[in-house]
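What follows is a set of notes on a single structure, which appears directly below.
Here the chain labels run A, B, C and D in written order, and each chain numbers its own residues starting at 1.
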């Protein structure tokens, strides 16, 4: 068990009446138990909430007038990780995958798996299928792609990153997802809170469907996996932007915070750690 | 009311045990009333069916051994179109769209609306919002993009077609979808049976969400809209391939057929026609 | 006649021994008569000069140690424009073009004319060939592409700009060149000093081969054509970068200056002006 | 010494008066001594010849009326290879390269070396500079890129091939050139006659500037390097198309032939062979 206090604070200048769809609240499930949660918006605006039944993503829509707007989300979350011996985590053939998961084998805007099939097979096709193959993909990306802030933008896709070999966590995740799908391993993008990013920011990683569930992977290796708290999952970053905005708006400030909290029974603060075990939070 | 007998017949050489996911059955709803339907597979193989609750798509999965396989689908479908005066069909702002429809505003593999925003606004931004603006998009594509068989492949996307100005019905639909989404009009890809293609083939067109429903548009202008029978809808062609195949397989034959049937009450065969009315089948 | 004093001053931090190839000196020809010219480098380094016989470009190579380096170029240039009635300036067919000019019909790194043929013909194919058609290309770009500093980078090409419809003067020139070549009009990129840019910077425009010479065009419309002083011409920006650098180097400062000088006979300063006449400086 | 009889025969249907620029004659130099050479065109048309002084390419321009045209080129060529111990062939730094060779370090239409810098350095940056590093690039491509006829088209570039990992000899050469330039090794595209292609066709390979000359490399490994006879060199395939055509024309036939001839002094036919020596023909 691990416990975190986390939050984000966003400030916008809105130059004309605009619509926002936020995706900043953590997913509620047995692995992410939300103890407290608080959303504050100034000025006070009506909010409409939509929870996607398929993946648990929580979307908030609000229509804002011309104004300066602040939105802040705070939560205390207890994480109960599902951990497994990686040697026991197998790939599932398309013959046996749950049918509702098949769309996560398809190429998407930022993960053109159809164009990376030869590359994926040449690099990973000979490896033993299973959890270790997805780990090999993460190792490859971590070693061969340079992490460089500002090196990519919102148009950058896995196709670019495979060749240009530079990017940020979002690009690392897109490339890993594209490789997985090219190898017939379902994979989805994860937007998350995570502990230890400097400067603090939303984090991007991914999940691959292996055995009977979605396992978490982070090819950036920037944060301990045990500190990753899921906000949203989708085909790629397009689906889980923390803010999709329709209107003329400027973001003035984005502050994220995250702290481990003491275990109430022991009073000790467990520090998040890197693990080589197979880990899942959904 | 219009009635059609339609079908497809597919033959594959399967060189190793392979998995197929077919999407060839017409969607069942009040606008597409399926009177008879027959699926035949040789050799006889077990079939697993998955109906997507969100869009009505019907997926069939089957695992085939090394063999020669034939699959054939036949149906008789009565079409009851929803028709509307186009002047009364309005665009819906992101502030008012049903929240579950918002993902159809996002860019996808073949519809990079994020990269076409300036082009879309420069060409269509000044037009009166509404059904007529989507029609203007279809006119633009029909006039400016050359229809040429074999000019594109399964990697070709709206980004390419916008510049190279050549493609087939699938490319026309992708470009129209990307323009719509760039203008904040939800749009989705439609795979369909349609009457009058020469040679007969599956047809691709698209639907835009206007007013309170998904209206049908066909920028290729190759077939009367009243003959289009929906098989599947998705973000783009990746979602609704008539056959997604995992394994070493060659397609040897694909035959499609479609015939209008007489109205049982009048005995007369109504020929499908082009219409300028707003038309919907979902 | 028009006379300018112009110059540039560049400062670099050089972190390891590095090689520079500068292309900052103005081309010497009868239209650009260089009265005075001064090059200063600190620290004093040996310079090797190469003048391309084909296009008059002047390249300076120098090998610098780890140091802080300053290079400054100053010149006084008298411009004698070749001016012509645009109605008398014709396109030249590939059958009649000087053979050494044919390579300027070919696609290049940033001007993929091969991929823009349909777009070019659809937009400009029906226009009367000649100077006015190249003007129409410039008008199209000036109207349909948004000029926005920082919107593109050194990877951005005509293919991107045709679709994304945003860029800077370099992108405007690349797109114009690609359109010209697609229409079988030879075109080349021009790097130049020009009067009136804010902030001062090197300017990019292009030349099209019409009649018996290279005529100057500026689709950005940012500066009077009569103030453009040619530094280099090439297939595209790759050929005429003001500094091609091999080594670990950071540019700390770039200052450009340009002032019209009085005519010595009249004592009057002629201000550069926009012209609708066909204009050439080579 | 090696001797070949070679030729090509091309047949075109010309639907309107059209201009052709052919590049089919072998380069004349001390390594490629042309004993006999014959060009036949039917119908008899006037030909204009242009020999590029920089690289020896020979261009033929002819203006053809509406007709059926045949052009045939035959030559007997004695090859005197420059051979060298590869260990003695060094890379030349940009500080020491002949200045007129620097443009062959720049990116071009099909060789976007600027976008492949990270990939090139990650794969080859740690290798000892010299002939063996270019050999390592060829090995990498030969092993990692699948050779597949029809898998690419005239739009395919090194950027695509680096990621899609499939192509033909032209794509192999483009990728190798892009890698070399990214590593600051000048490289140019070579169009050639070569012995042993099945079906016979023009061959594409490349040259890298090392030591004091252009050495020949063939990442496709399809033909013995000692049988490669240079037709043209350029930045990439755009520069040395065997036929650049302006007009409405269809190619009906292309036949190439090539045979080793006996050495006149010994009467023996020397068969071309693969060599690991550094080899040059210019």
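Definition applied: a residue touches a chain if its C-beta (ideal position, glycine included) is under 8 Å from a C-beta of that chain, and two chains touch if they have at least 3 such contacts.
None of the values given here were measured: they were computed from a predicted structure.
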Interface residue overlap between copies subunit B and subunit C, same or different (over half shared): same
Geometric centre distance via CA averages, subunit C-subunit B, whole Å: 48
Computed distance of Cα centres, subunit B from subunit A, in Å: 31
Mean-CA-position distance for subunit D and subunit B (Å): 45
Shared-contact residues (touching 2 or more other chains) in subunit C: 115
Touch relationships between chains, expressed as pairs: A-B, A-D, B-C, C-D
Complex contacts: residues of subunit D adjacent to subunit A: 115-116, 118-119, 122, 144-146, 159, 162-166
Subunit D-facing residues of subunit C, complex: 19, 21, 48, 50, 52, 59, 61, 63, 93-95, 99-100, 102-103, 105-109, 112, 114-115, 154-155, 184, 235, 238-239, 244, 246
